[in-house]
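First subunit A sits with subunit B, and in the next complex the same chain sits with subunit C.
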Partner chain A sequence: MSLFGTNTAFGSGGTGVFGSTTTDSHNPMKDVEVTSPPDDSISCLAFSPPTMPGNFLIGGSWANDVRCWEVQDNGQTVPKAQQMHTGPVLDVCWSDDGSKVFTASCDKTAKMWDLNSNQTIQIAQHEGPIRTIHWIKAPNYSCVMTGSWDKTLKFWDTRSPNPMMSLQMPERCYCADVVYPMAVVATAERGLIVYQLENQPSEFRRIESPLKHQHRCVAIFKDKQSKPTGFALGSIEGRVAIHYINPPNPAKDNFTFKCHRSNGTNTATPQDIYAVNAISFHPVHGTLATVGSDGRFSFWDKDARTKLKTSEQLDQPITACCFNSNGNIFAYASSYDWSKGHEYYNPQKKNYIFLRNAAEELKPRNKKW
Partner chain B sequence: MGRKKKKQMKPWCWYCNRDFDDEKILIQHQKAKHFKCHICHKKLYTGPGLAIHCMQVHKETIDGVPNAIPGRTDIELEIYGMEGIPEKDMEERRRVLEQKTQENQKKKQQDDSDEDDDDEEAGPSFQQPATTVQPQAAYAPMTQPGMAPVPAPGMPHGSYSGMPPMMPGVPPMMPGMPPVMPGMPPGMMPMSGMMPPTHGMPPMMPGMPPGIPPPMGHHPGIPHMAQAPPATARPAVPATTVSTPQPSVSKPLFPSAGQVQQAASGVAVSSTAPPSAAPKPTFPAYTQSSATAPTNTSSTVAKPGTPVTSKPATLTTTSATSKLIHPDEDISLEELRAQLPRYQCKIPSAGQAHVTSPPVAPMGGVLPPQQGIPAQQPGVRHPMQGPYGAPPQGVPGYVPGGMPPYGQAPPMVPPYQAAPPRPAIGMRPPVMSPGGRY
Partner chain C sequence: MAECDAEWELCKENIQPLRQGRSVSALHQALCQQQEGNHTALNQQKQAFESELRLYDGDDPLDVWVRYIKWTKQTFPQGGKESNLSVLLERTVTRFTADKKYHDDVRYIELWIEFAEGCSDPMDVYRYMQAQGIGTMQAALYIAWSEEYEKRGNIKMADSVFQDGLKCGAEPVEKLHVFHRALQARACRQMMSSMTDQQDDDDDEDVGPAEPQRSSLAELKAKGKKKAVVPINRVNASAGYARGLQFKQPLGPKQNGRLMIFDENKAPETEPQEPKFEIWTAPPIARAKENEQKAEKWTNVKMPLKSRSGLSVAVPPPKPSFQPFVEDDVQPPAVTPCKINPAVNSVLSARKPCRPEQTPLKMLQERQQMMQLQTQEDGKIREQSMYCKELLDSGATEFSFEELRAERYRQQQARKLQTGSGATDDRKPVESNAN
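So, the complex of A and B:
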């Protein structure tokens, strides 16, 4: 079934299970393929929050569309709805109650998509493409936070065309994450700013980057009491930094690790270093997943400082990933991320979203020390 | 906890046999006493590092490690903290310590006031007088088989910093390791973070006990995780070439070829970047490349008129041993991609000079390009002039390639090339007369 009007190469039926696929490098992990994937690179994925029953996946793409699938318990994926922007969609997020989806696009606008009515309205306007969008639910306010390449971070009450607040950033927003009451934004030129969101958003601290290369993705992690306590920052140089906001011993607690690199021990050929495209933390275990331009995903335990798993290599970079609300499903998107420039872009190549069972593989290692 | 790490004893300096509470203090001691250049007082990180520094910077050779006891002056041995200490010296040390503790115990039983014998280890080596008692007390349990009493009580730092040196980056990381750990020869240390690109490593490898190979299977993953504490104390070493690290920015170590060569261990250098750490010398190539921060292409997003060049993916960082798979520009992949005409937004907005429909297919039609073209080409009355004009009429300013003025060449070529054969061309020239030479 395909509710998506445009040419979906994939439209037949809702079956997502492809266990019998031969060793096709497009899905070496033999994970479930989401039906009717977008026609261009997938830029972002987001699962519905726990407040909603069931699992709904939202994916934004460079084909200017945002698609919604229902992921059923048997693994089947059912396309549900689609909305369009007039430019590539760079980020999506859900409201806390699961009734709305917010989408951010290169067309400098952000929209609120009411899933029940399947209507969208514009809720934000920037002077440059909007790169990140997050929903903030505070005890005394709720708003949408948008980060843009126009170097501003704006906060929007969805009912008003003017932002509630606009904060100037030193550089273009490249990635952000929000876990109330903390927000982290990583910008161009390796900028890194932490905001605190209590009462109203304000800049908390500018942090000297723990990484030496362009920032690409960031994800906040929580401590045992489910309070945000730090973040993982990924760069284009195959490296992730784990950084705590107020660690007892920064020199010891903060660290970086290398990832998404090729031939680690074979020195006959130069090592290829790939960008880390996205980082997601497992909502239950606190372990993290990274996906890279090398077409692999890896799971890590940051407390035991160990790698849990690395996947086989897909034939395309993995551009986005996310966990569902209970951590049972890991979704990752296989599409071209421009890491080798314009020449390697093949508009005919199919883009995929895969779903993997994440319940077991992300369990933390037992700490030995 | 309770893993038998720490080489079963408190950190001690191989060069002068002094004892320390903490490996960090040991390392500070080594840097200040043994790895300090006598000419410029620069503190290096290892003996070989010091030798290289003196040679390169001062053109002077040194014979041995300064302030070392006879027999321990080998400048070529790569020792850092507790890492790199030859096995036989470790054993010798252990024996000596055991003897001492036995003597202590005997003495205590006989005479509880005589502590002279302990001065060798306790006296000069403790920087904190208050702790002098500890080692003695700690040594008593040393005679017991378990290591646990020593590292565990009240020494979280010690045990932690002791961990990484144990195995090639393994201790915190190898779930299967604990049974193997105690068996690890101390010579295994050098793995995490000690890796100068050159020597130091090869000697380590052969020493891997047979018990290691199975767990080694984990290694491809292990080396990727670095740890802060050992790393703070353990910058990579080619200090001579990297003597100007930026002060407040810590540098993650770069997996140099030499380091990666440590075949089975896959010992990626522990890369750490605790923001507050002291500057670390890094692999020379990495340092050089990291110093290049190309900013000339910044804010290219604001320049839609720039011809989008289909330039091959170039590399921001290149070294003999690695390359970054990323276009060599200071903008993000999304910004780069968003510049392309096919991703320009459908509805023209104030700042948008390129307004074309993203898919190339509709370009075959004559009309759609009209929207964008007039804005880009001053003096052109008819958008069709360009494509048609180029080949047949040679209108000035339009090269057959026709692309640069448009700034959107690649996707537009096919439809335009299809245009000339059309019969409509024959009718065009009269229409195009205003600006042309007709």
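So, the complex of A and C:
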């Protein structure tokens, strides 16, 4: 097991609860800071599945690396291992048994990382950077789904260099989510496609986008019977749409809400609108978290249609977030998301991953019907 | 190569001609690629152009657009929506309207002319150009403009356009003179032929001038005993089509004496010969985009508003009494695990009003309105996007933050390779690359 690069110090958060004497705004929520964060913007985070004991966090970054930490019950984070790509890592996911991690990168390849042996092999190849990667576990097959900027969605069985299936999309894949048997892909030019994964993946429906601006992130939610029933879609202009696949009353059930905006009530100055960078659903409560370019995260209850909490503002955008398998931990990454181009990029600025106790704050409100 | 020759033969008519001619090798390559369905190279090249548009920081941004458009025309010989050509033209043209330095740039003016030719009314575009001072010193504008007048049969205006050009001192003067003289020659010839035609008018209609010509768009005369006449039902043609028809009309009116084609340009004779050139604040509406539907009221019929349940198509059809035949090897359709309650099925749910068609005219007007609003107090919450909109939207298609950043990364890597930074190989693989 390799330690991380020597240029990051262990000093900052070895013992868990991190308290700083100065009120610097890099951690206004006073959350636990993960040790040895990546050296560049964090693009994706993923916690280990419930089939594995303990909590392991995987984070991919623009420094071409993927890091793995163990999150212990006392809040301590221990760096475990690291792997490299030859290009920035855009997405990561776990296999259902927690033994493998799949990573997708700008170098047009996807790799499978066996954590036990700490070996990686390449399992996918595209003509353009791979933007999303998801593991699909169906009763009769298992595969990895990769969505790329080459406008294709490919399915790989990890043992063969050729894809099991390749589906053409109308535009470049910008974000995707999979909850068997449903997959949603949001593409450039506001494209939105739902796939069904039973027997074999096929296109189920193309949906007209409920949002007027570029799609940035998507997350599927489940109904009370744990079946995927809809998705939340975030745009580049502070808005999230909740969309059900087959609602009894589409006009009433589907809705959008504004988020990640400033100066809510002040009409004298224009309202600043920020991009929604990621959306995550709590695995138990079904409430959702959104993180944005404004450096805040918010928790929402989509059934009660209310906001549960908004954080203080961090000094950097929040680029990624995820919940652990039992919903007790909420992880979010603070780093530059490139929302203002390269002029605002400061390579010296530190990047952080924070962990927060999510058991209480994401409990849904009582429904008002 | 031989197969590509065959390609050309097979689809000659689908290939739009370019004024400056097509490069044969590019044409062959484009046709071969389309034949093989080789989209990836095309996509990569397109992506390369899009990235260049956003990352360019030199003095001449127009150059990137010009090259992009040229490549698009060569690569998509059939034109059409896939090529995105009209979008590209529109974007380029509107992007640099405020940029004075391009107002006399030949490339820019040629792009404007191409854009105008694709519009539903090129005259508006030319007038706008003149009002804005775009290309007023270039002969190309006046030549194209007068050509447009000539197409409509308005020789007098065509001539006056040339006079305007000469007055303004457009360059190159010689070219202007040449085209002007050609126009005058054509006008004379036309007058001569129309004078001789008047004498021949008494002749049989079937034989007009020396060679027998089939009168176009007239009724087909039945031959033989059967007197069945083919009903000609000309659909109400779109503006462009109609214009193409009357193209013939002014040049040879006496050949089809029976036919009276409605000439929309002649109709408003009350228009003064020299229309006032209004100051156009914005470029006119772009070409009639055929496949984009405008939001229209569907019918004027109002349905009586019964109870809610009355509106919805509630009752599912009764089950058939027989068992529909199911083939053995047909798998039952895969259903997503969602319950659809067939009883509650309001088919026509309220639809949000769709955004009216965005035309360049509207976009520029909106921008002006925004500027005005920002100086006023209007009590409404104004919004401001906190991201690099211009960077994302500069090309023909949008970019995301990650694509921008990935492009930059790729360029940096390419530069590193070029300068041959061998030092990175010595370092341990664990250490990450700091950008």
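The rule we apply is simple: the second predicted complex is superposed on the first by the 357 of 369 C-alpha atoms of A that agree within 3 Å, B and C clash if a C-alpha of one lies under 4 Å from a C-alpha of the other, contacts with A are read in each partner's own complex, and residues count from 1 in each chain.
We take it that contacts are C-beta pairs under 8 Å (C-beta built on N, C-alpha and C of every residue); 3 or more make two chains touch, one makes a residue touch a chain.
What you see is a predicted model, and the numbers here were worked out from it, not measured in a lab.
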| item | value |
| --- | --- |
| Fit or clash between subunit C and subunit B when superposed on subunit A | clash |
| Contacts of A:L211 with subunit B and subunit C, given as first, second, both or neither | first |
| Contacts of A:D272 with subunit B and subunit C, given as first, second, both or neither | both |
| Touching partner for A:W62 - first (subunit B), second (subunit C), both, neither | both |
| Contacts of A:D337 with subunit B and subunit C, given as first, second, both or neither | both |
| Contacts of A:Q82 with subunit B and subunit C, given as first, second, both or neither | second |
| Contacts of A:A251 with subunit B and subunit C, given as first, second, both or neither | both |
| A:M182 touches, of subunit B and subunit C: first, second, both or neither? | second |
| First (subunit B), second (subunit C), both or neither touched by A:C259 | first |
| Which superposed partner A:R305 touches (first subunit B, second subunit C, both, neither) | first |
| From 81-89, 117-125 or 369-377, the subunit B stretch with C-alpha clashes against subunit C | 369-377 |
| Where subunit A meets both subunit C and subunit B, residue numbers | 43, 62, 64, 87-88, 90, 106, 127-129, 131, 149, 172, 174, 188-189, 212, 214, 216, 236-237, 249-251, 261, 267, 270-275, 293-294, 337-342 |
| For the subunit C and subunit A complex, residues of the former touching the latter | 39-40, 43-44, 47, 331, 334, 336-341, 344, 346, 349-350, 355, 379-388, 391-392, 397-398, 400-406, 408-410, 429-435 |
| Complex interface listing, subunit B residues touching subunit A | 1, 3, 157, 159-160, 163, 171-175, 177-178, 218-229, 231-232, 248-252, 255, 257, 260-264, 266, 268, 271-277, 290, 295, 298-299, 301, 308, 310-314, 316-317, 319-327, 330-338, 340, 343-347, 349, 351, 358, 410 |
| Subunit A residues within the subunit B interface of the complex | 43, 62, 64, 86-88, 90, 106-108, 127-129, 131, 149, 172, 174, 188-189, 207-214, 216, 236-239, 241, 243, 249-259, 261, 264-265, 267, 270-275, 293-294, 298, 300, 304-307, 310, 337-344, 365-369 |
| Of subunit A, residues touching subunit C in the complex | 2-7, 38-40, 43, 62-65, 82, 84, 87-88, 90, 106, 127-129, 131, 149-151, 171-172, 174, 181-182, 188-189, 196, 198-199, 202, 204, 212, 214, 216, 227-229, 236-237, 245-246, 248-251, 261, 267, 270-275, 293-294, 337-342, 347 |
